[in-house]
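Below is one structure, written out as structure tokens; the observations come after it.
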Amino acid sequence: MANCPECGAELSLHDDVETGEIIDCGTCGGELEVVATGPVELETAPELEEDWGE
Amino acid sequence: MANCPECGAELSLHDDVETGEIIDCGTCGGELEVVATGPVELETAPELEEDWGE
Amino acid sequence: MSHTASVVGASGFTGGELLRLLHAHPEFEIAQATSREYANKTVGSVHPNLRELDVRFSEPTGLDSVDVLFAATPHGVSMKHIDAFQEAADTVVDLSADFRLDSEAEYDEWYDGHSRPELLDESVYALPERNREELSDASLIAAGGCNATATILGLAPLFDGGILDGSEQLVVDVKVGSSEGGAGSSKASSHAERSGVVRPYAPTGHRHEAEIQAEFGCETAFSAHAVDMTRGAAATCHVFPNGPVTTGDLWGAFRETYDDEPFVRLVAGGTGVYRYPEPKAVAGTNYAEVGFELDPSNERIVVFSAIDNMMKGSAGQAVHAANISCGFEETAGLGFQGLHPVGAP
Amino acid sequence: MSHTASVVGASGFTGGELLRLLHAHPEFEIAQATSREYANKTVGSVHPNLRELDVRFSEPTGLDSVDVLFAATPHGVSMKHIDAFQEAADTVVDLSADFRLDSEAEYDEWYDGHSRPELLDESVYALPERNREELSDASLIAAGGCNATATILGLAPLFDGGILDGSEQLVVDVKVGSSEGGAGSSKASSHAERSGVVRPYAPTGHRHEAEIQAEFGCETAFSAHAVDMTRGAAATCHVFPNGPVTTGDLWGAFRETYDDEPFVRLVAGGTGVYRYPEPKAVAGTNYAEVGFELDPSNERIVVFSAIDNMMKGSAGQAVHAANISCGFEETAGLGFQGLHPVGAP
Amino acid sequence: MSHTASVVGASGFTGGELLRLLHAHPEFEIAQATSREYANKTVGSVHPNLRELDVRFSEPTGLDSVDVLFAATPHGVSMKHIDAFQEAADTVVDLSADFRLDSEAEYDEWYDGHSRPELLDESVYALPERNREELSDASLIAAGGCNATATILGLAPLFDGGILDGSEQLVVDVKVGSSEGGAGSSKASSHAERSGVVRPYAPTGHRHEAEIQAEFGCETAFSAHAVDMTRGAAATCHVFPNGPVTTGDLWGAFRETYDDEPFVRLVAGGTGVYRYPEPKAVAGTNYAEVGFELDPSNERIVVFSAIDNMMKGSAGQAVHAANISCGFEETAGLGFQGLHPVGAP
Amino acid sequence: MSHTASVVGASGFTGGELLRLLHAHPEFEIAQATSREYANKTVGSVHPNLRELDVRFSEPTGLDSVDVLFAATPHGVSMKHIDAFQEAADTVVDLSADFRLDSEAEYDEWYDGHSRPELLDESVYALPERNREELSDASLIAAGGCNATATILGLAPLFDGGILDGSEQLVVDVKVGSSEGGAGSSKASSHAERSGVVRPYAPTGHRHEAEIQAEFGCETAFSAHAVDMTRGAAATCHVFPNGPVTTGDLWGAFRETYDDEPFVRLVAGGTGVYRYPEPKAVAGTNYAEVGFELDPSNERIVVFSAIDNMMKGSAGQAVHAANISCGFEETAGLGFQGLHPVGAP
């Protein structure tokens, strides 16, 4: 369990989550990096500007 | 030739246009009544509230 | 199976949705499904998805006694037959506009008056996210208008959170599917004419403005466009708050309003194909998707809200409200999650 | 909740359908959902209808032990990883073509051979209407091809009832939606190019002919056309029986074959809008609609069959077969009745 | 501008197409455009693409004298008013079925008889690819049925080239757009019900079989399906020739029949997105695309043919025939090449 | 045939439109059509509507000398190759954004800078309704952005007529078709994902805001939504003027601005199916439909504007501008009136 630093939503994570893993937030869709485990801490991952086309 | 009383557009009419005829304006779509001929005079026709779905 | 329910206007589009929902509902049993045109025919002859149902349409006269009566009839019918409906059922849930507004004056302004204004006090606007309390013992329930529902759900967090106070300019630009027009037919709604449109059909003066105004006490500049889908209403609200707002403020407000709501999903951003609310993501379901984007250069908040007009925007909202009124699990019978991929549902 | 299930290929179209079905299934619990591309992301980031699911994709390597493993991967993947799949699960249900045919020779003829031909004897073709018995203790199940499923369901009563014996000319003209191509992208499948088409895409030599031939022992002249829908496969079979046939014979045959089938609806005639099988009437469901018309002047039977390619034509069929194999209620988790009206789902 | 032309039934779908074509035609000037419902209104009020035209609908009674009168009215109207039409114009081109067949007997069999059978000898079936000679001095011309036109154009090379002799089994499976039904409205043709369909609507006994039979002297097993497009008719003919045929034979036959035809394109194979005839590639044009695939394993030829039902299948064919009858350039006024990309036109 | 013209980027969507227009143009002859991917193939292999053209793609390197070169390449390509383009042609018409804005600063703000800012003074924004004079001797012409074009055409009469002065709040809500994204492919643009959407894709910060701002000197609150059509851009502008305005004022302003314009149609009101601007009424044409509705209760003007994004919004505008620059009839080659009925073109 951890909270999204972007939108504040609660995220459930698998037990063996590892530092450095990139996950998404199911609410705001933000890409988050696991920066610490036990307890889990998340940071917004560096954005990968993705062209979404028209 | 006559001008639409609603939007001012020029209307071309057939030669034998008669008083009482209802025509539409090609620009604003307004329903117009021919109230005089020679020269032609037009007035906005009483609106027929038409349900347009939804 | 504890309760019986009837549907008046069951051959129509939202009537068919009611039958679908009630049939799969753990607590309801369908008593009657009325249609004047198709009386005695199987419901499956009109609604092909309901061929498994062993129910035939009956005439709307001769209503049996039931626990809940749902009326899915055009504007004006319920106010005319409300005595018969209330005699037949303890709880009446009306899908039309007949009991949505609070006063005769509003019906004079937005409709052609009202023949039973004394009932307007008693009736409760169905949207559970706004009126859950009042619904718990309501006996006359008015399901909201679909466009109004989409708009209200989108804007509510801004009013709840004090980001808007009603003095701001609100522009609401709605895109809707063809089922909003009901099961009738006309040249404008024929496939050849209606396909592929972006058609302004209620540029100004849309009657749902009245419901939004009733909720928030402010006017909205509302316009609706028909687009090429059958189900769905998507409201884009362009809002200019009086003071500065951050994305964090907005997340706070939206989460505060909706975190515990079973049928509202916050969708804003991300990296995939679906980054904001979209009607096809909720088609067939009772969910609303709500999200936003902040436009700092224009000091604007753009709020997106997407629902299925016949579900969250009508029949689903009606069943949700009935669940509350009857004391059932709120989500009973409303569990369908929708489809992916899905084209233009 | 008695059984655990995993989905390999869960980011794809049929994989998403499996997740949807398993999530709402009374007897299954989702253990893993694999994707290489989206590992660690929520399943809702790909499948917007599954935002409520609290499941993240995991890598397909590292499969946990489960009761049933569903593989929704492209042709060739399952035969390569079948040992890992069988090690992880008692029952493997594969949605690809890898285990549908009976012999290596058929894979040489229609595909590019087979790397594990010794398993072909063991595997059971999933269509319950044809193989219910064998499915009851199957541990390797191959869900049918969607076009083959539609065709087989349409023609089965004619073979069962002795109206056809395999010596007749059979023409099968199929119309399919874009989801049949899976979640990838190409110029031909882009919205601008793919919208509004009637596009012959497999005029001759379609691989599903092999499955039809395996079922009935006869050849079919098969052609497929892409049309403008996302879900759906509709097969029109033009059949010329050797002897005279009456409408009564046909009704007899169709009712005999399907009267007790929970997922097959006979639809032929009537007066409403929906008189014959139509894919949009079954979109999102596990139902097949089957019907016919007799053409006396051409001594022809026209058989219509409509399914949702991802449901009855794949994921739904897979879950139906798994229900049988696991001893569950056949219809468990497959109760959704579909929508009306619905556009191009 | 040498000729005057009027359109009776100008508020309908094919009538609108005639106006569009005649307006841009170098040799024709529009005299009258009739409509009973919209008399006195601008043609642009019904056909939004014709807002530039300075023409108002007039009543169909009171026809002025013109060179060519086009009748785009429902079946039965032309045979009733043919004397008035012929009095008003030297050449009458009828888009309905009223003068397509050769004998009263055929009208008794396929329609409800004929009130002016003596004119059937005089009238010429409009398809120039088949009747160019006869059209050159025809004064009563019957534009073909759209599905018949597509089918005839597809099969003609096989009959011309001796690959078929009329004794073979021919299956014709047609997919058509919603404009085929004309400008009226009904529940079945409403956007919500008609979108996304694959709907068998004339499984057997379609009246266009009569025209195909009249052309080739053989029966066809014909079925039509409504699909989700507005314009277009695509015929897939599944044909089983008596003797062996090679791809070379087929190319020879198709090129022989169509090499000099200005409005028929051979399309079969290639590597891009569009490999076979497709209706959307010819939408809005007078072109037919025709192509084939050989199925050696089934000794079958699959012929594909695609047209715009309102153009090559009706109004375009009518103008093409009028061009011939009036001695104009065949392609006059018919130069539009169509659009790419185009969705579901 | 007085002029030669080449198209760089001819395998793309707008490049194909240019070929279509130039082929049917009375004054232009096509010299070269470039494509790197399809070099040496016939243009018909990519654009099925152009199968009649006897032109093959050539490499964009090795440009012959021509009168006019049209560049239909992605942003960034023209500024890189502009020397080669100007060496090959007296007049260069660029369809990309590379030469639309006036200053390097704007490219820094809205794009990623500019490599040839010294040319920005010389280049003329193509929209003839705004820049007819300057176009008459322009040698570097920049066709406008499609959404900007729609918006500018809608708002221009209000600024011209003094109803707006730039200090008002302007909300622009645009709905666009899939061809706006060009001929590439991605998951988001696949048929299964893109069908039936109302998808916010540029909620804020759309680059076309820059062009609108350049025209009127004011900011707009702009949002774009993808909807289910291939061609078309429809802008709804919600505008709140500072002072009172009547419908008569609006008609005056709109007629003043557009009465003599060959490609702008005023459409507002009426009784038929098409009462306001709609993109499908102008699909395939160079027309813009512009109209409005006054909302007295909100003191709002709602302006509607509809174009074909690839025509008036790009290739058609480019040819229109080239006609002016070359001294041809303005409407040369742009006479197509569009289709009715038409589905989702």
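Letters are used for the chains, namely A, B, C, D, E and F, taken in the order the chains are written, and counting of residues starts over at 1 for each.
One rule holds for everything that comes next: a residue touches a chain if its C-beta (ideal position, glycine included) is under 8 Å from a C-beta of that chain, and two chains touch if they have at least 3 such contacts.
Just so we're on the same page, UniProt names per chain: A, B = Lysine biosynthesis protein LysW.
Note that the coordinates shown come from a computational prediction; the quantities given were computed from them, not determined experimentally.
Farthest from subunit F in terms of Cα centroid separation is D. At the interface between subunit C and subunit E, two copies of one sequence, more than half of the residue numbers in use are shared by both copies. A centroid comparison over C-alpha atoms places E as the chain most distant from subunit C. Subunit D and subunit E have Cα centroids lying 38 Å from one another.
Touching of two or more other chains is recorded for residues 24, 29, 52 of subunit A. Shown for subunit C are the residues that touch two or more other chains, namely 13, 177-179, 181, 183-184, 186-189, 191-192, 195-196, 228-230, 267, 270-273, 275, 278, 341-345. Listed in rising order, the residues of subunit A touching subunit D in the complex are 12, 14, 21-24, 26, 29. Interface residues of subunit F, counted against subunit B in their complex, comprise 247, 251-252, 255, 266-272, 275. Residue ranges of subunit E in contact with subunit F, taken from their complex: 13, 16, 20, 23-24, 45-52, 177-179, 183, 229-231, 265, 267, 270-274, 278, 281-285, 335-345. Of all residues in subunit C, those touching subunit F in their complex are 169, 171, 173, 175, 187-188, 191-193, 195-200, 203-205, 219-221, 223, 225, 227-229, 232, 234, 236, 238, 240, 273, 275-280, 293-295, 297-298, 300, 302, 304, 306, 341-345. Those residues of subunit B that touch subunit F in the shared complex are 6-9, 24, 27-31, 48, 50, 52.
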